[in-house]
Amino acid sequence: MLEVSSLGCLRGERRLFAGVSFSLRPGGLIWIQGGNGSGKTTLLRTLCGLTHAMAGEVRWSGTPIQLLGEEYRRELTYIGHANGLKEDLSAQENLLVAAHLVGQPVSRAEVAGALQGSGLAGREHLAVKFLSQGQRRRVTLARLRLMPPRTLWLLDEPFNALDTHAVAGMRKIMENHLSQGGMIALTTHQDVAIQAADVQTLRLDA
Amino acid sequence: MLEVSSLGCLRGERRLFAGVSFSLRPGGLIWIQGGNGSGKTTLLRTLCGLTHAMAGEVRWSGTPIQLLGEEYRRELTYIGHANGLKEDLSAQENLLVAAHLVGQPVSRAEVAGALQGSGLAGREHLAVKFLSQGQRRRVTLARLRLMPPRTLWLLDEPFNALDTHAVAGMRKIMENHLSQGGMIALTTHQDVAIQAADVQTLRLDA
Amino acid sequence: MSKLCGWMPEDAGEMMQTLRYVVFRDVLLAMRRRADVATTLFFFVIVASLFPLGVGPEPKLLRAMAPGILWVAALLASMLSLGRLFAEDYADGSLEQLVLVPEPLALVVIGKVVAHWLVSGLPLVLISPVIALQFDLPRDAIVTLLLALLLGTPLLSLIGAIGAALTVGVRGGGVLISLLVLPLYVPVLIFGAGAVDASAMGMDASGHLSILGALLLLGMVLAPWATAAALRISLE
Amino acid sequence: MSKLCGWMPEDAGEMMQTLRYVVFRDVLLAMRRRADVATTLFFFVIVASLFPLGVGPEPKLLRAMAPGILWVAALLASMLSLGRLFAEDYADGSLEQLVLVPEPLALVVIGKVVAHWLVSGLPLVLISPVIALQFDLPRDAIVTLLLALLLGTPLLSLIGAIGAALTVGVRGGGVLISLLVLPLYVPVLIFGAGAVDASAMGMDASGHLSILGALLLLGMVLAPWATAAALRISLE
Amino acid sequence: MIWKSLDDFIAMGGYGFYVWGSYLVTAALIGAEILMLRARRRAVEKARHVQIILSEQTKHETTT
Amino acid sequence: MKLNWFKYASPVTFYPLAGKLIPWFALAAAILTVAGLYISFFVAPTDFQQGESYRIIFIHVPAAWMSMFIYIVMAGWAAAGLIFNTRLSSMMASALAPTGALFTFIALWTGALWGKPTWGAWWVWDARLTSELILLFLYMGFLALHAAIDDPRRADRASAVLALVGVVNVPIIYFSVKWWNTLHQGASVSMTMAPKMAATMLLGMLIMALACWMYSIAAALMRLRCIILEREQQAEWVANLAKEPT
């Protein structure tokens, strides 16, 4: 379980947000909303420990995440605004390497399956630099299709650049993850209706 | 007037599209649709002369654009998927330099006005690298607010990363441009209803 | 619509304006990092100081090597900063915008090269006498060194720009490119170091210097066009 | 949920796997961009071959300079390729992903350093005898050179990684990195060149070599941690 | 007394250029550091002043 | 005791304390400088080997000492800032760096001016000279890195890592350079002084060194106060400061 208590963040001399508290249980989704620059990305990065909070705490199963380190990182998948793909490697290679690096030894067939599911069949071996913007995003998101998935997904604008078909596909993946007891924290400016038992929203607007 | 006749494009061994023909008159908007990787970006880049077409021709007021060169570039504003901002310069400096480079000598006050209109008041002097994803996109799009605008706008996913408020603002700018006799070619996966007299759609799906 | 597009005067002044703004933009970017210029200088000084550490402190040996050392250091300092001449613009999408500027692309290239030289070439020329003193070069040789660097560093920037443009978003052919561009530096180095060498030995260096000057002229005429062509190809 | 997270064995094998895949990834990438590897190598060759051109053909002078020049060239070549060690990963967002890998970050750093050495250090070691022959070094000295480079170049990669990590996301990183790293390279240069020098003069080089070895051990123990700390700070 | 005259003092036994070059440059550098510190201090003070005025204004606006 | 220590480890309490200390250190520096210069130029006798050129020693050696000492102190503060995460320590480190670099430069400059009449060259590749040059590079690296990172907290931490790496390396560099020079004898000139340093010379040198010390502390504290003000613009206590005369 992810618990966030009275988290606050300063940027430059500006207070981005303060007193953010929520908790996310298995099967729960939190949709972080707010205008451009309201601090959604900063919040997500704080949740995965890349940025330090000025105030408050993030706890995973009761322990502050700084104390957990690797144990916490093992539970989480963060997909940021940047795709994190190497332009010179193919989609297949990118996924294979990424999965192995986080200790998820997938086979080539599994990767091919995930890419196929993302509508990239026939482009598995093309260097990522040749792919279109939306195709790159699809490759990045295909990580979420590789089994067995991490528990906590932190997704920053996952639907950016995706066409409607791909958005629908992603939605299904996310619903599936939630129904299996996963957790998702999500930001998006698009109106995507995700069906889940436990959906919270959090507005960060100043 | 922009005329496109039986344009075709190959990528690798793949035929992206072929036989694309349309014409865009003053006040006209063309919405280029298609799934991820269907060739929308490639088409837009061909329209501004960054990519050469395999077949067919693009004509501006009757002359092929390759023959026009600078004269054509003087008429056009292309906003691609990448923002084209320098991270170390402030929003204000970025806009000033960009405008002067294309021979549009704007004043500081005009730039400040455009930024204000884009909801970036108070952040004019912050280096772009500190801005959020959506704020960067807003800075890029603020070029379209600077007077006097170019005639032909080629916009690749302008609404990416924007919040709903900013999308509405952009829509108004675009409608205004069209009503003044401008032309727009646009790609977007989001459903934005732009009110204009002459709206065409073009589907590129394979 | 004619009102929308006809507002702009088409004259040489506008070309100058584009040029000025390209230079302005790049110098501004460099100035944003106050440390940037100083860092290039220090790099030059450090590289020049490394050689004595490797070769040993004998003044005679060092004096013989000094012209070569100084030129290699200059070449490196200029080359290190060249790598990013177009790469950053390419990555953030502003290179596309520069290519779409309604002036000849070669003009934009000239602007970028001038800015590069102002930021990384000129300071280096100015500090070179101090380093020449560390190697105990005679006064004549120091003057020649200054002149040679003044002619040579812009040439390095011009040649380097071609390489930088070719390697923007390379597709495979990269090995060939480095094969082509790196050897182009060699003449600059040979004549540059040769001039200083000659003058350190009390001979006339004007032959070497005039060859450098001729190369510079040739470079100024040809390199911007080659760079512009290379950029268009890379962006395709 | 326990099923979701409990599938993974936690053992040393897994750490090895992470290490192996970091190395694999970076070497693969380098192979895709063979131009980079070639440029490093070329640079080494050009810097080293320039001196005979600049200094003149006296074999005695050349032989005296050779160890120093070869080592400085190696230093600079290794440093040139450092700029890309983390910068590209940072720009495309994959550095964040590497930091989030559920193994100690120092392990990832070791992987990247190993890959960097394989790609830019090793080829240089392998080509060095050829260049040493150009300078007419005796056979013993060439063997010593090989050994010294074999010990020294990994150390260069290790020290360089700290500088690369500190300059991640900093503009002008390429030049700044050299300002940070080159002074730290000095001991490697001195003992490396010293070893070759000693052996060229017919003396025993094992003292120098064992100091290099000791420095390498020290570097292997300390540098990955410093680099990991620097990376975390840079990503903050 | 070591020095016969002021000229003798300035000449420093023929090493005047080197000795005074050392001391005067040192003095100049230290003086420059002090001046730069002063300037920095003044700049901070000015920025702070502006900010205080601004914050007082906004306080005023929000209360009224 | 412990409480007291941490009280002064916070910028809020240290700021006024520093303000009170600065005049005293500045005064001490001024008095010691006058005394030191008097001894250097009017008391110390002429050196029979080098003539008057040796009088450079009274600024050269203190500057060289300070350059090395300040680097170590700076690295110590940087380490404290990194480990205990105290803001003040990191600020102290960045306040010391420019002064240290300044003294390094002075040591180099005066050394070069001394070398020309003594050795006939502005510069020789001697071990001590070379390691002082490298020390200048290390300072410059620290300053450049700090200036290149915009976020002050990040800049503090990154340059602290660099300072620590440097401190591990400084002895290695020092000894390697020393060894390097002894290996290649030959034309290099070794630094020799008058056989027996007269007591007055030593006294002058020590007093000048003390003066440099006092000056460094005063300058670092002044810079520290500026840094505190710059960084804590928005903090309430800084705003309150303005209402009281400083």
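Which chain is which? They are A, B, C, D, E and F, in the order written, and residues in each are numbered from 1.
Simple rule for what comes next: contacts are C-beta pairs under 8 Å (C-beta built on N, C-alpha and C of every residue); 3 or more make two chains touch, one makes a residue touch a chain.
Just so it is clear, the model here is predicted, and its values are computed rather than measured.
**Q** Spelling it out: a chain qualifies if it touches subunit D and also touches subunit E; which chains qualify?
**A** F
**Q** Quickly list, by label, the chains bordering both subunit C and subunit D.
**A** Expected: F.
**Q** Name the chain pair with more contacting C-beta pairs, choosing from E-F and C-F.
**A** More C-beta contacts join the chains of E-F.
**Q** Taking each chain's centre as the mean of its C-alpha atoms, which one ends up farthest from the centre of subunit B?
**A** F
**Q** Report, in whole Å, the distance between the mean C-alpha point of subunit A and the mean C-alpha point of subunit E.
**A** 53
**Q** Using mean CA coordinates as chain centres, what's the subunit A-subunit D distance in Å?
**A** The separation of the two C-alpha centroids amounts to 35 Å.
**Q** Where the centres are mean C-alpha positions, what is the separation of subunit A from subunit C, in Å?
**A** Each chain reduced to its C-alpha mean, subunit A and subunit C end up 44 Å apart.
**Q** What are the residue numbers in subunit F that touch two or more other chains?
**A** Within subunit F, residues 134, 137, 140, 144, 148, 177, 180, 183-184, 233-234 contact more than one other chain.
**Q** Could you pull out the residues of subunit A that touch at least 2 other chains?
**A** Residues 81 of subunit A touch two or more partner chains.
**Q** Can you pull out the residues of subunit C that are in contact with at least two other chains?
**A** Touching at least two other chains: 29, 32-33, 35, 39, 42, 46, 53, 56, 91.
**Q** Spell out the residues on subunit C that touch subunit F in their complex, using ranges where they run on.
**A** Contact set of subunit C toward subunit F: 33-35, 38-39, 42, 45-46, 49, 52-53, 56-60, 62, 133-134, 136.
**Q** What does subunit A use to touch subunit D in their complex?
**A** Touching subunit D from subunit A are residues 26, 48, 50-52, 70-71, 73-76, 78, 80-89, 93, 97-98, 100-105, 127, 148-151, 180-182.
**Q** Show which residues of subunit D lie in contact with subunit C when the two form their complex.
**A** Against subunit C, subunit D makes touches at 33-36, 38-39, 42-43, 46-47, 50-51, 53-56, 61, 64-65, 67-69, 71-72, 75-76, 80, 83, 91, 171-172, 174-176, 178-179, 182-183, 185-186, 189-190, 193, 197.
**Q** For the complex, give me every residue of subunit E touching subunit F.
**A** 1-3, 9, 12-15, 18-19, 21-23, 25-26, 29-30, 33-34, 37, 40-41, 44-45, 47-49, 51-52, 55
**Q** Flag every residue of subunit F that touches subunit C in the complex, lowest number first.
**A** Residues 121-126, 130, 133-134, 137, 140, 143-144, 147-148, 177, 180-181, 183-184, 186-188.
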